[in-house]
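Beneath this line is the structure, given in structure tokens, with notes to follow.
By written order: A, B, C and D. Residues from 1 in each chain.
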Amino acid sequence: MAKVPKKILNDPRNVVTEMLDGLALANDGRVERLDGKDILIRTDLPDSKVTLLIGGGSGHEPIFHGFVGQNMGDAAACGQVFAAPSPDTIMDAAMAAHRGKGILFLYGNYAGDNMNFDIAAELLEEEEGIDVRTVRVNDDVAAAPPERADDRRGIAGDIYAIKVAGGAAEECDTLDEVERIARKAVGNLRSMGVAVAAGSIPETGKLTFELADDEIEIGMGAHGEAGIAKQKIASADDVADQIMEKILDDMPLGKGDEIALMINNLGATTMMEMLIVNRRVRQILADRGTIVHRTDVGTFLTVQEMAGFSITVMKLDDELKHYLDLPARSVGLSNM
Amino acid sequence: MAKVPKKILNDPRNVVTEMLDGLALANDGRVERLDGKDILIRTDLPDSKVTLLIGGGSGHEPIFHGFVGQNMGDAAACGQVFAAPSPDTIMDAAMAAHRGKGILFLYGNYAGDNMNFDIAAELLEEEEGIDVRTVRVNDDVAAAPPERADDRRGIAGDIYAIKVAGGAAEECDTLDEVERIARKAVGNLRSMGVAVAAGSIPETGKLTFELADDEIEIGMGAHGEAGIAKQKIASADDVADQIMEKILDDMPLGKGDEIALMINNLGATTMMEMLIVNRRVRQILADRGTIVHRTDVGTFLTVQEMAGFSITVMKLDDELKHYLDLPARSVGLSNM
Amino acid sequence: MKELTDSQVVEMLRQVSKAVIANVDVLTDADLATGDGDHGIGMRRGFEAALEVLVPGLSVQDAFKKTGMAIMSKTGGAAGAVFGTFFRGGASAFADAQTLDAARFANFLALSAQAVSKRGGVEEGAKTMVDAVMPAARAVGAEASDDLLAVFTAAERGALEGVEASKPMIATTGKARSLGERSIGHPDPGAISVSIILGAMKSYAASL
Amino acid sequence: MKELTDSQVVEMLRQVSKAVIANVDVLTDADLATGDGDHGIGMRRGFEAALEVLVPGLSVQDAFKKTGMAIMSKTGGAAGAVFGTFFRGGASAFADAQTLDAARFANFLALSAQAVSKRGGVEEGAKTMVDAVMPAARAVGAEASDDLLAVFTAAERGALEGVEASKPMIATTGKARSLGERSIGHPDPGAISVSIILGAMKSYAASL
């Protein structure tokens, strides 16, 4: 934790507000900041719809606040860097985005997020009589064995979950239906990452962990939580094999199964590396006869300047495909 | 140039071929590699159209090969890392993509690219009788003063130029018309970058330049070519001010002028930094009454793991807006 | 002394806030060892907000409640929820009270301990701040004294024992969970915060 | 000796290729100082490809031509175009010739120098390989000898003088251009390559 990471910022204590201003502006009018709060909300919200509220700690840009828009989140409640948003922020976001048909809370499964969103949900139900449902993304197969899947963290699978739930919230009439579809998406998601170098929190200026010059960590979480194993740096094919073995052990895929595949940049990794990994992943999937319906290689959930990537697989059926493929335009994701 | 950058690769001598395999696969069938060559080409090319051929050195992913698709490049000729493609590759790509209406070569203005594309153009005209036109992107205001604009490098402005020319090549009937529109786009483009840390070439494992721990370089080129000044690290607002001053000196923008704005990640910079910069850029533009029609904050032209970003402004008219906004879906860029 | 007036309670909670803020680096480093390194800056945000609401004229109950609400709304993360709950959850112990005395404080700690354990869904042993709050509450309960300095001293001692006890634990919640065996040896950052909070109460009482 | 047979020319160009390949790190470091650091690996790719086409049975002209074509198609970057042109551009000097002699070689160098200068759009002084090729061609022209060792020695000397001369130049083309005054003091990497190529010819002749 020697060298302070070199970043081009203003006052590090203001990174979240300044970033949210910049993010709202980057959405070309489709999204705005709510009353100077740490909340982004669609400007084109229909009068009546099931509401999808997403959110979590900042520092993982473009998630969460980059995925607000049509067929994605209706609003995002944003916390400080690596810290869940407070119940106040969540409630304010929920109240502003609510359109009379109840709200689905969709976020990554972390103790801090769970507690803050739960507090907000309790208050919204008790004090405002709003129907709130919660779906937590727990796609990180490295975080816990299958029998404790509820303990798994949410990582890049969040994005596909948001995209599917966002589509459902746009088209479906009831909160029940949106919840069912979101739950199916999350149940079909598996991810795992590898870290090559650490990220840091602007306000502390400290790297969140340390890896030796020749070391990588397979299965590391989105805040530097420990993974499955620290090991010597290995080839792209080898790392892809390790990650895919673990994912496919957890969710076997066979001939004719269809999936969406995401290779996500944790921050500072080159797209060259990710594309080389994609090549290997596709060899593995082709050997099984698994069909890749859709691929997303890019930067979706980062951990500041962490180097490394994650692989996400979502098993598809016609319903999930339909919602995943609906058009979207936002800083985080655009679909044709 | 002490520490060898830590990357997850296979044999560093094969990075380009392996990456192109992964890139073709990432396009979900819309793009393929041509006969194992370093060429990506659309699978959905119409029978008759003006052809847009793009290309350049690799290592800048997602550009160029990530921008092949409908309303973008019809094919990309790819070189090794930071090296222009050879005339053979360019000719093969051109011949495969040609659909009877001539070819526009669109690429960044570098001696290596200019020579290799020119050789290919000469051969295509002399030996194949194909009408070839060349438009070189020279958007980097840091590279030379206005009176020597022909000496300016092409940086992230390439992307907007490709998007506009690609749309024109899809809709316009003649090479003349496509060339005219591409030239207008390039004439309206200005960019400038800042580097915080160096990238490296996988095969040499060496950083392409060095900056002290508290130093940044304003105006640095896409391969580490020297910029305007090495200086102590400064605030985001200050850096944005410096870059925008230079751009606006070169292409004054006033009340009512409409632009497209890109903040491009050179590799390892956090989106948080870029969004904070976007905030400042928008303040500067708002003060002038300039209208931002469209914003793209993300990773479009990288220099491997270089840290830093560039700002690109394209002045728009209705024609440029039309072609820029046409739908697209590719690894490098998707529009709704 | 045997009781604190409402304005003394406000002053004490201000001292508590300043003590937490002064320890930001200690908490950062503790959270870097087992979590994501934001515990210090999160607690600073929360207690800076507490300082803004801790103004003269608050009742004892409101002083604790408002402290909790400020923390809950400004800290974020796990700490915001659990430390917000810590101050709010036991505040009813002071309902209608003009002063803070040993019995009410014991009641406050016991209620708070229950509330945070419920909110976090964890018992002792999960390597969280609950491992400091619970022994602190027990130590206060066991301290059959009505002297506040003695009570706060017992509370801090209980918390510090909890910090020690948290070292060999394997985290089963929070960001440290996946550290698994690697979390062994490091104290829980939230537990350290509890000991700082209770220690600052003791110092305040000692200064009177 | 006064002439090289076609098979000797093939062998000489193989030695040239190996010499360039052996100097990959020298060229990398030179290009790191003024450009993007890929000149070494680019030249290696090109000359590895040349080794594959440099097989027995080629005419003198074809040996130069195929070397140039291999380099042009495999090197990429500025170097691929200019070094491909260097070998191809003067190959007509050997049209129909069974051997390489001093006069034909002088003619080759002069034509090549013209060709690369035209292709690159640069004269001497722009801090490119042209600054080594031109003085080499002049040195060979001035060397009124029909001894090939003397001719190659003059060529290398001219190139090395060009390398020296390139140091104080400010680059006006290529990736070094924007280095501006900062390029002063560093030799041009492409010029170094020219000196390696001509030096390897001299060594080959000396070994006969």
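Throughout what follows, contacts are C-beta pairs under 8 Å (C-beta built on N, C-alpha and C of every residue); 3 or more make two chains touch, one makes a residue touch a chain.
Values in this document were obtained by computation on a predicted structure and should not be read as measured data.
As a matter of contact connectivity, taking chain A out of the picture divides the rest into B, D | C. Relative to chain B, the chain whose mean Cα position lies farthest away is C. Centroids built from CA atoms put chain D at 54 Å from chain A.
Rounded to a whole number, the gap between the C-alpha centres of chain C and chain D is 76 angstrom.
Centroids built from CA atoms put chain B at 28 Å from chain A. Taken as a contact graph, the chains are arranged in an open line, each linked only to its neighbours along the path.
Interface note: chains touch in the pairs A-B, A-C, B-D. Chain A contributes residues 1, 57, 79-89, 110-112, 115-116, 119, 142-144, 151, 153, 201, 203-204, 206, 208-209, 221, 223-227 to its touches with chain C in the complex. By the touch rule above, chain A contacts chain B in their complex via residues 3, 6-10, 15, 18-23, 25-28, 58-59, 61-62, 66, 194, 196-197, 202, 213-214, 216, 233-237, 239, 263, 265, 267-280, 282, 292-295, 297-299, 302, 304-305, 307, 309, 327-329, 331, 333-336. Per the touch definition, chain C reaches chain A in the complex via residues 28, 32, 35-38, 40-42, 45, 72-82, 119-120, 173-180, 182.
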